[in-house]
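Input: structures, listed below.
Here chain A shows up in two complexes: once beside chain B, once beside chain C.
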Partner chain A sequence: MAELHVLGQLQGVSNFQDSSSLFCRYSFQAGPNWTVISGCPEGQTVSGKLDYAKSVIWSHPLDIHYITKGIQGWPKLVLQVSCLDSIGRAWVVGYSCCSLPVVPGHHVLDIPCWLPIATTLTDRIREYFLGGSHQLLQTDIINLGTDRYKLKTQSKGTITLKIDLVLRNFTQFGVEYK
Partner chain B sequence: MHDFKRTNKISGVRWLKEPIHNLKISIKIKPHDGVLSLPKFENYANFSDTGNAESFDQTEEYTFKWQEKVFSLWEMQRYSDVHHCITDTELTYHNMLNDLEYVPSKVFTYVHDDNYKPLPLNHVRKRGNKILDLSSCFEKLNLNEKIERTLLKQTSSMGHLFRSEENLDVGNEQWMAMHVVFDSSDYNEDSQLVFKQEAVLVSLYYNTTNNYLLVCPDENQLELNPYCAETGTGAPLGRHYSVGLRFQEQEEGEELNVLLNKLHKKWEKKHKQLVNFCMPPLGKKVYHLTLEILTAAEFEADELYVEYTIKIPEEIQCKDPLHGRTHTSRVLRSDEGEEWCFGHIVELALEMDAVADPPSLQLFFEAISTDWWGRHRTEGYSYFALPLQPGSDNKRLSCSRPEELDRVEASSRRFFVGGCNLIKDLDVLAQPQLQDANFIFTTTGSITLRWHSISQSPLPGYSRPYFRPETSGRSASALLLGAEAVLRQYRRAKAKLAAATRDFRDHDGSGDAPSLTDS
Partner chain C sequence: MKENGITKFLVSFSGQIEYVSFPAGVFDEQLYMQYEVVWGPDWDPVSGLTNGTSQMACPGSDPEKVVFNMPIEMVFSSTNVFGWPQLVITVRAQNAIGGDSLHGFALVLMPPTAGARVTTAPLMRPRAASVLGEWLSWLTGRHPELSDPKMLAGGKENYLLRTESYGSVSVTLSMVSKDMRKLGYDNQPVCTTNDS
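Let's look at the complex of A and B:
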C-alpha cells in the first residue's frame, strides 16, 4: 500500500478587502481509495486581523498521513475563509480549493478565493449594512468543476499554502510522479 | 504471642491478568516446631547424619488447580456409597470416584459446587441487618414511595444514592469459591470416621464479573511468616502452613501458535484484498491529470469567465467531459493590479497503450466577459499543448483575440452588440500556419494554469488478482457453519439422553430394581 504524508502549513491570506478578522476552515478530500491513518483531515485556523498589506498570517500546521490503494481521487484541500466581526458574528467570505501536488518535496501554492455575490439590490444593501454573505448549500461545488458555470462570484484574495510531500511505495506499483 | 499469630492472616485482593483456570494454589504444611515435635534420639540413632536431616524436614507440599476437587478420606467414604449421594454434585463425585482411583489427602478442597461457605456478598448481607431498621424507619417516615420513585428512575443520578445492598441485583453467580482445607479428623483402624475436624487453610473467592480474586489469607512464606492451622472455633491444630499462588505456564502455547498462525494467514488474505493496489489493465498506461484554472489578469472587462475545450489525440481514451466553463468572476482590484479568481479544477483520467510515447493534449481557452445587460464578449483566446509528463507545473498563458481589419466598425459592433466565439474552429490557434490569416490578433490578458500529472503503468509480471466471487465463499462457509451447528446440537442431545437414562441404567445395574420387586 502506498503512502502519502502531507506536512506543511496554511501560511495566510492576502489581498482580502474585508475589515474584520479572518479565519479559515480546511478539509482534505480524497477518493475512496484513500484512507487517513494519522492526522486530522479537517480543522480551523486562528482568527487574525488584516495588516496594512491586507493580509493575515495564520501559519496553521498541517500534518496528515494517507494510505492509498490507487492513484484515483488524489487528495484536495478545500478551504473556506470566514470573517469574524467585532460583535462576534462570523460568515463566509471566500471559498477555494486546490489539488495537492503529486511531486514530493516542498511546494508553495497560491490558491485563489471567490465568493457568490448577491444578485439582487436588496441583498447587496443588506450585506452592506448588516453584514453576512451568500453561502453555498452544496459545498461539493467547490472542488468539483461541473455546474460551477451557473455561479456569479466576486474574486477575493489568495490563500498561501506551504506544504512538503513525502511519497512512499508508489513506485512499487508502477506509479510515476516525476 | 498467640494473638499476634492470629492477626497475621490478612486477606489479599488480586487483579488477574491471566485466566483463572491457570491458577495454581500451593500449600506447604509442617508440624509446629515445638519441643514435642522434635525427633527422638532413639528413633534416629541408627540413621546417618544426612538421613537425619532429610527425615527431620516434615514439610509437605500440596498443589491444586483452580476448582480441582481433592477428596479427604471421609469424603471418599461418603461419596463411594451412592445412597449417601442425593444432590447432583454428590452424584458427580460418586461417578468421579467410580471412574478414577483417587487417593485421599490430608489437605483437600471444597470447590464452588460444594457451597462450603457463604460467598462474600452473603457476609455483607448478614452483617447488614440494620438495613431492616432503616427500612422500618423509611416506612415510619412514609418515605418509601418517594424513594421507590427515585430508584425506579434509572436515569437519575440521585437514584444511586438510595441504593443499598438490599437493592443490589447481584446474584451469587458472580462469585466462585474454593477452599483448601486440612483434615484433622480422627479415624479408627478401619478408617471409619470417629470425630470430624477440619481447618480451612485458604479460601479463594473469584469475582467473575470484575475478574479479581479474594485470597483469605494472602500469600506468605513458611519460613518467615507461617500461618497457624486452626479449626473454625480457633483451636490450633499444631501445624504451620503457607499459601502460594502462581499461574502455570500456558500449556497450550503450541495451540496458541497455531491459532496465531491461522489468524495471521486470515489477516494476510483480508489485507491483500484490502490493500490490493488498483493497477491499469495489461498493456495500458493510465494518466491522471488535474488541471486548475487559477486566475485571469489584465483583461478589460469587470466580469469574466473562461470556457475551455480539451482535445485529446486518438490514441488516448478519456471518459471525462472535455468541455466546460468556469463560474463568472468579478474582478478584484488591488495595488497589485486586477485579478479574476477561478480556482476551477478539471480532472481527467486518460488511458493509452503502454508502449507508445505520450502525445500532448491540446487545451483551448476562451476568456469571455459579461456585462450588466447580459451581453457576452470574447476577451481572448489561448492555446496550450500540455505535455503528458508526470509532475506538477504551472503556466501563465497569454490571451489574444482576432481583430477585424475595419477597426472602427468592429469596435462599435463589439461595444453595442457584443458577441463571442469569434473563432469557430479552434484548430486555427494550434496550427495558425495552415489557416487563412487575413486578420490580426490583439493581446488582451492572461490566464494562469497549474496542473499535476501522474502516470501508472502495469508492473512486469503483475497480473490482476483473481477474486473468487464472495457469494460462493459465503455459501460454502455458511454450509460448514450449518453442519457444525447440527453436530453441536447432536452432541448436546446425546449428552442429554445420556443424563436422562443414567439413573435408569444405574438402577438396572446396582440391584435396586430387585428391591422394588421384593417389596
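Let's look at the complex of A and C:
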C-alpha cells in the first residue's frame, strides 16, 4: 500500500485581535481508505502569549504516518484556535480547515480562520465586556461545504503551517502526482 | 526493495546554527546554547554529535544579533520516515554577576528534502502559570524552565503549558540521503531546477 508521511510544525498564528494567550486544537481527517499507523492525528498545542508583533508562536511538531488504499479523501487538517485568559477561562476564537498538499517537498501554508459572530446586540455587549464567543455545535461544518448558508461569520487571524511531505510507493500504484 | 535486500536508508545532515537574534538587543550578557536531537524509535545515530554546547558569545556592532556558527554534523540510519529527527535548541545567558537565565527553546525539523535549507525558528520559553509565580519571576529575574526540553519535540502531554516567545534562531542545514529512492520514498519537490 502507498504511504504518506506528514512532517512539520504548526508554527503559530498572527493577526488575532484577542489579547490573551492562544492555543490550538487540531485533528487530521482523512477518507475511509486512509489509516494512521503511527503518530498522533489529534492534539493540542501549548498556549502562547502574544509577542511584540501580535503573533503567537506554538512550534508544535507534527509527525504522522498514513497508509492508504486509494486517493479519495486526501487528509485534511481541521483547526480550532482558542484563547485562554488570565483567570483560566477558555473559549473558541477561530475555526479553520485546510487540505494537505499532494506533492512531496516543503510547503508553508497560511490558513485563514473564521468565527461565528454574535448576532444580537445583547450578545455582542456581553462578549465585549465578559468575553466568550459563539461556537459551533456541529463541528463537521468546518470541513464540509454543506449547511454553511445559515452561518454568519467574521474573519480572524492566520495560522502558519510548515509541512514536509514524503510519499512512498505512490507511482507503483499508478498515482500520478508529478 | 526486497529483491535487492535493502531495508535501511541513510540520512546525513550537515550545517550550522548560525546566529540568534533578539529584536531588543543583548547587552551585558553572554549567550550560549545547547542543542539536542530527538528521533523516533526506528532511527539510529551512525556518526556525529547528537548533542552539544556552544561557546559563550556576545554581540558585535549589531546588538540584535549574536553569531554562534555552531557546526552540526550527523548521520542517521532508519527503516521508517516516522520519527524524523528534530533539533531542540536551548538558548541561555549568563550576566556579569554570574546569574544564569533561560532565553528560550526552539524546535527545528531536520530537512526531509535533499539540499540546503535555512530555517528561522522562533524561541519560546515557559511562563509561570499563576500570578504569584509571575510576580516571583519578575522579582527574582529567574523564569520557569523545562526540566527536559526534549518534551517539546514530542508534541504530546504539554498540558497546556503557557509560553511566550521572543527572538529567533537561524539554522542552516543540508540533507543528503542514501537508498531512500530505492525504498520507494519520494521526498523531492516537483519543480526541480533544470539549468539548461
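The criterion applied here is as follows: the second predicted complex is superposed on the first by the 178 of 178 C-alpha atoms of A that agree within 3 Å, B and C clash if a C-alpha of one lies under 4 Å from a C-alpha of the other, contacts with A are read in each partner's own complex, and residues count from 1 in each chain.
Keep in mind that, in the parts below, a residue touches a chain if its C-beta (ideal position, glycine included) is under 8 Å from a C-beta of that chain, and two chains touch if they have at least 3 such contacts.
Treat the numbers as computed from the prediction; the structure is a model and nothing was measured.
Asker: State whether A:G8 touches chain B only (first), chain C only (second), both chains, or neither.
Answerer: Once the two structures are laid over each other on A, A:G8 reaches chain C alone.
Asker: Tell me which partner A:G157 touches in the superposition: chain B (first), chain C (second), both or neither.
Answerer: It touches chain B, and chain C stays clear.
Asker: After lining up the shared chain so the two structures overlap, which partner does A:Y149 touch, if you call chain B first and chain C second: first, second, both or neither?
Answerer: Once the two structures are laid over each other on A, A:Y149 reaches chain B alone.
Asker: Between chain B and chain C, whom does A:V103 touch in the aligned arrangement: first, second, both, or neither?
Answerer: both
Asker: Regarding the shared-chain residue A:P112, is it in contact with chain B (first), chain C (second), both, or neither?
Answerer: First partner only, chain B.
Asker: When the two structures are overlaid on chain A, which partner does A:F129 contact: first (chain B), second (chain C), both, or neither?
Answerer: Neither partner.
Asker: So, A:K178: does it touch chain B (first), chain C (second), both, or neither?
Answerer: A:K178 sits against chain B and chain C alike.
Asker: Is A:D51 touching anything from chain B or chain C once the two structures are fitted on A? First, second, both or neither.
Answerer: So A:D51 only meets chain C here.
Asker: Overlap the chain B and chain C contact sets on chain A and report the shared residues.
Answerer: 103, 172, 177-178
Asker: Show which residues of chain A lie in contact with chain C when the two form their complex.
Answerer: That would be residues 5, 7-9, 11-12, 21, 23, 37-40, 43-49, 51-52, 56-57, 59-63, 65, 84, 86, 103-106, 162, 164-172, 177-178 of chain A.
Asker: Contact residues on chain C for chain A in the complex?
Answerer: Residues of chain C touching chain A: 23, 40, 80-84, 86, 106-107, 109, 111-113, 117, 121-122, 124, 127, 131, 152-156, 158, 160-166, 183-190.
Asker: Quick check: in the complex, which residue numbers of chain A touch chain B?
Answerer: 1-2, 15, 17, 33, 54, 69-72, 74, 76, 96-103, 107, 109-114, 117, 143-146, 148-158, 172-178
Asker: Under the touch definition given earlier, write down the residues of chain B that touch chain A in their complex.
Answerer: 274-280, 286, 288, 290, 292, 294-295, 303, 305, 321, 324-332, 334, 336, 339-347, 349, 390-392, 450, 452-459, 462
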